[in-house]
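Shared between the two complexes below is subunit A, which has subunit B as its partner in the first and subunit C in the second.
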Partner chain A sequence: MPNLVSDFTTGRYDVGFQTKMPPAISAFLRALILPMLGVLVFTLLWSFSASKIDTSLGKFPGPGAVAEQVVNLYNEHQASREKELAFYERQEQRNAARIAKDPTYIPKTRTFTGKETFVDQIGTSLMTVLSGFILAAIIAIPLGIAIGLSKSLNTAINPIIQIFKPVSPLAWLPLVTMVVSALYVSSDPMFAKSYIVSLITVTLCCLWPMVMNTSVGVASLNSDWTNVSRVLRLPTLTHIRKIVLPASVPAIFTGMRLSLGIAWMVLIAAEMLAQNPGLGKFVWDEFQNGSSSSLSRIMTAVLVIGLIGFMLDRSMLLLQRWLSWDKSTQVR
Partner chain B sequence: MQSTLTSLSGFSKKLIAGAAIVATAISFSSHAELGYPEKEELTFGFIKLTDMAPIAVAYENGYFEDEGLYVTIEAQANWKVLLDGVIDGRLDGAHMLAGQPIAATIGYGTQAEIITPFSMDLNGNAITVSNEIWAEMKPNIPKMADGRPVHPIKADALKPVVEKYIDSGKPFNMGMVFPVSTHNYELRYWLAAGGIHPGFYAPHKGDTSGKIDAQALLSVTPPPQMPATLEAGTIYGYCVGEPWNQQAVFKGIGVPVVTDYEIWKNNPEKVFGITKEFAEKYPNTTIRLTRALIRAAIWLDENNNANRKEAVKILAKSEYVGADYEVIANSMTGTFEYEKGDKREVPDFNVFFRYNATYPYYSDAIWYLTQMRRWGQIAEGKSDEWYLETAKKVYRPDIYMQAVESLIAEKIVPATLFDSLESVDGFRAPQTHFIDDIVFDGKAPNAYIDQFSIGLKAQQQL
Partner chain C sequence: MEPLLNISKIDMVFPTPKGDFTALKDVDLQIQKGEFISLIGHSGCGKSTVLNVVAGLYNPTQGGVLLNDREVLEPGPERAVVFQNHSLLPWLTAYQNVELAVDQVFAKNKSPAEKKEWIEYNLKLVHMDHAMHKRPDEISGGMKQRVGIARALAMQPEVLLMDEPFGALDALTRAHMQDSLMEIQEELNNTVIMITHDVDEAVLLSDRIVMMTNGPAATVGEILHVDLPRPRERLALAADPQYNHYRSEVLTFLYEKQRKVEPISTKTKDSAIKTDVKSTA
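Let's turn to the complex of A and B:
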């Protein structure tokens, strides 16, 4: 059966209509119709099974309920923006009134005190995951190259990596929280503590796949190229820049893609557990509310989290295609 | 030298703060204007319960902003997180269980000086049991002519059920929200009044589980998770605030049997807690936030609860309580649904302003202290003076009265609303409306404690 499917999708299976169509169009149709068919079947199955599941918060949300919540969440976002405008207007008036009374008063604008909307939470989560990921890349890639180049360094560090790699970053979370609250003390902090905690947790989990992949990529460098570098007597830094880096780009990117996927997954869980702002907190808050629309709002969040994860992966892939010489990477 | 200097400056700071409080107090008699708040950006914490309404209303109706306060309101995961937030300064103030500032001040649990200038509400809790327990209890309850059970339902009806569970070796577990919560004391009061022993605490022996000699085993569950825990069968019943009792009715997983209004008519419930340090450092801010909360409380009870529907709409927003409008409305608009379909009028189920609900009475604090003593959370006997002194440390009617006087002076609220506070000495008249008919006089706490048949005597030690 799997063979049948793959034959069909790769076009080896001779379906009647294909012969009458130019191959480009049929390929395009296949790329369009098959995923649509998949989504359609899934939606039908989802909608059917959702109507069969009764929870104490009402029926399990089907596609209709989710669509309704998408509209609701967007409207709530718009309403909150309007409130924000009104808030600043009122504040200006109040400041003006106070200056009129007391000319020495230097007015201060305070940020909007309303609650983050769903859209804001998406923004927060994206910001956190990207900054955590970039921080991890800054640490992991040089480390990976160093390990890949030096066998002895590899032998020295490998046990540590092997031990920390399988640890769920959520286990780190309490430690990170305490350390951050102890060390990150400032009367007017640039970043919120919760942001730093989420960021470090994300970094901790992104680190290992990138280190591993980079070091493997570097270690399995084509010996011809190393030899060329030796013949030319390239200095170490130039060797890394001209030979090692370009050669291991595909491996580095594989590691980065893996990491980003894990980072996104872990971030949502961390936000949920630590009540840090973001999509995870949104899910938890809705769960706590226990209203009849809670489940459909959570389901909406689930789909949005999935979509964003998918988009993150695609962007990583595009970046990889654009930067890497190895164009054979499969789109998967 | 250095240290002397700093301690001196610390002392002088306190002097100045003290002088400032005195000065503001005096200034009211001369109707001088209240100064601008020293701290304008504040973060307040709350737990998702309908009795946080004064905070939400003060925000939504712009009362905080009228005072020049820019307040962010944040839901907290549980009471412990909330209390820690106030202690470590992450939160400037919070919706608290009445027992929390008291327990913190006497050092039960986390030691910290927390005060309350504003009592948030009266009543608002209920005890819910699972459907199975209800089915077993029901035959023991007398019926009215129309077949509905006679209220209030006493724990006497539950006693045979608990005994059956104990005889068959099954622990009878119930949930409450925090060891020093109103709910813990109310649930204990109700159980004990029906002859069911809820267990003692013995902190001096390191036992803070409160299960010594217990027939019903009480454990902590955060309010929003109560219905789910009941549904899972981990507990057979719980005592919690709204909307989590009505939620159980709507979901069909449990039946509220008694409201705290029936256990103790018009019992003080939540308070607004801030640290003593905050109040001393920011006296104007403290008075101003109290003013905003008083205005919100007035609005909530105005014209015979006329604004309650609007309040429910605010609370139903996902950033506040977030439960369904109907669930919140059930109790907030003066009715309470017991068994499905058995909806009865309880106009005073949630009281925010009437009956001087917002005034922080010393006697309220003393009642909580007597219950802490009764169940062993206060390990040894104390004198009547100790009860009063402790109450005075935590409950601050002085700040409340400053807020009221300035509101009246600025003609923001009519003075007639506060007529009954004219000659108040901080004590409610002896209170008679308890489910077991024992009278509570806040001026004689030790004599009060000695009246209970289940519970430690005033000077008894475990």
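Let's turn to the complex of A and C:
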């Protein structure tokens, strides 16, 4: 008996599970099991509390209701696609028939005007956030580099950045809407006005974190590297291309990840507010609709928004690890 | 003989919020082609400032530096610098780090094949040909410093400036690097100015040791000619009376004539703390 106690206290029994397994496998299991456990506990809590909440639109949606809506929303999308195909088929047949009767007839083609499905809205939102983000990067990175390199430029522009940085892009939304309607006039527009408005809103909110991070990254350039460049008498453009840009890649990516996260949140709100196509409009439409399944459809949208935000962040992290020389970037 | 490099009566004054700080006063030194010069002195005596003035990274307040009778006004590859912390670009491999210098310096004079050969030749010279395509974070401190030297040598400088090149290395690696440097010197016979803290290093490598007085207003204290035959052998020299004489000369200068007087430094530290308190209050 004393033997058993001492065995136990020295941990001979205690660690059996971990010592028998190679550390790599045990680490893998830990990385897999712990998050699954977290999700499970959350789902149970959610399911339990959802059943306790009654709203005027029925019970608060639990996991089951959401799962049901995922299937429904996908089926609706499929049905809508089939309808669209059928519509174009009919149109083609009709036109072919008219041409057969009268060869001088110029066929009219109309585009399908069905309601956007949930899947369409996801596509629209993703498209908007990515294009707005890329536009912001095209403006912000060169601007940030210029500000980082020149103290005078920094002193001149810094007050403007500091004032505009804390402004929610949603405050810009009415102004952007009016300006776009006034300036973007074309009989055959390449992009919808609503898309342009959302895009500019996203660009506005991505701009500041990217400019700030890039300029700070450039300004805190290691003085040894600048000295190397000076000894070599690198021309300004070569200096930027070979030294400044690679050296600030980690800082640039920090800004990009930060702004992409903000952009995704702001875009959904902007779509709700401006009734621009996208996931935000889907949520708002469902809320206005007020059917018994509305809440569970909104809950589904909430989860999808979260998942996409998570995927966007991970993709940026992967891109950063692929492009950046600084491999010490934490996966967090 | 006309000196290759003429450091002519330079003063260096840095403006600070508390008034001007005179780092160097009347530093005067002439260096012949092919000479190996060590600058030795206590920390803070302005050795690095002298080197930075020669490199062109600082402009002196008074006096000037002439290289081949032409005044040094800005940094340039003919005065290549080996920095203390290697200062390799971490996103480039050893080869690419040297390539950056070669592409810039020999943009017009060498064909791509010649450039490649020249880069490889220089990396071989510092015994880094086996790890050419590794990045700085994949190689040891001594290897990084070797690449730094290869990059400087690849610029084919008229004067090679080394700022405590082996200061950050452990004693064994340092000894190894000193041997490598002597071997390279034998082959290339460069003109070198090297800053060091290490008395043995200075005696072993130099033709002349320039000993600097303590700052502020530091200047050249004594110059010691080291008349030991080359090639020099570390082990054989350890018992050589001439070598030990040179060594004790430098030690005497550093620890008797220019001993750092501690009370002054603690006093200045105290006053610095006091002013700090004032500024934060």
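Basically, the second predicted complex is superposed on the first by the 312 of 332 C-alpha atoms of A that agree within 3 Å, B and C clash if a C-alpha of one lies under 4 Å from a C-alpha of the other, contacts with A are read in each partner's own complex, and residues count from 1 in each chain.
The rule is short, and it goes like this: a contact is a pair of C-beta atoms (placed from the backbone, for glycine too) under 8 Å apart; a residue touches a chain by one contact, two chains touch by 3 or more.
Quick caveat: nothing in here was measured; it's all calculated off a predicted structure.
After superposition onto subunit A, the modelled positions of subunit B and subunit C are compatible, with room for both.
Contacts of A:N227 after superposition on the shared chain: subunit C is touched, whereas subunit B is not.
Contacts of A:K242 after superposition: subunit C is touched, whereas subunit B is not reached. Of the two partner chains placed by superposition, A:L170 touches none, neither subunit B nor subunit C.
Residue contacts after overlaying the shared chain place A:A146 against neither subunit B nor subunit C.
Between subunit B and subunit C in the chain A overlay, the least Cα distance found is 54 Å. Annotation: subunit A has no residue touching subunit B in one complex and subunit C in the other.
Considering their complex, residues 55-57, 74-77, 79-81, 83, 85, 87, 89-91, 100-101, 104-105, 135, 155 of subunit C touch subunit A. Interface residues of subunit A, counted against subunit B in their complex, comprise 56-57, 76, 90-91, 94, 98, 108, 110, 113, 115, 275, 285-286, 288-294, 297.
Remark: subunit A residues 222, 224-225, 227-228, 230-234, 238, 242-243, 246-247, 249, 325-326 touch subunit C in the complex. Touching subunit A in their complex are the following residues of subunit B: 36, 40-41, 48, 59, 62, 65, 68, 70-73, 75, 77, 224-225, 227-228, 231, 247, 251-253, 316, 318-319, 321-324, 327.
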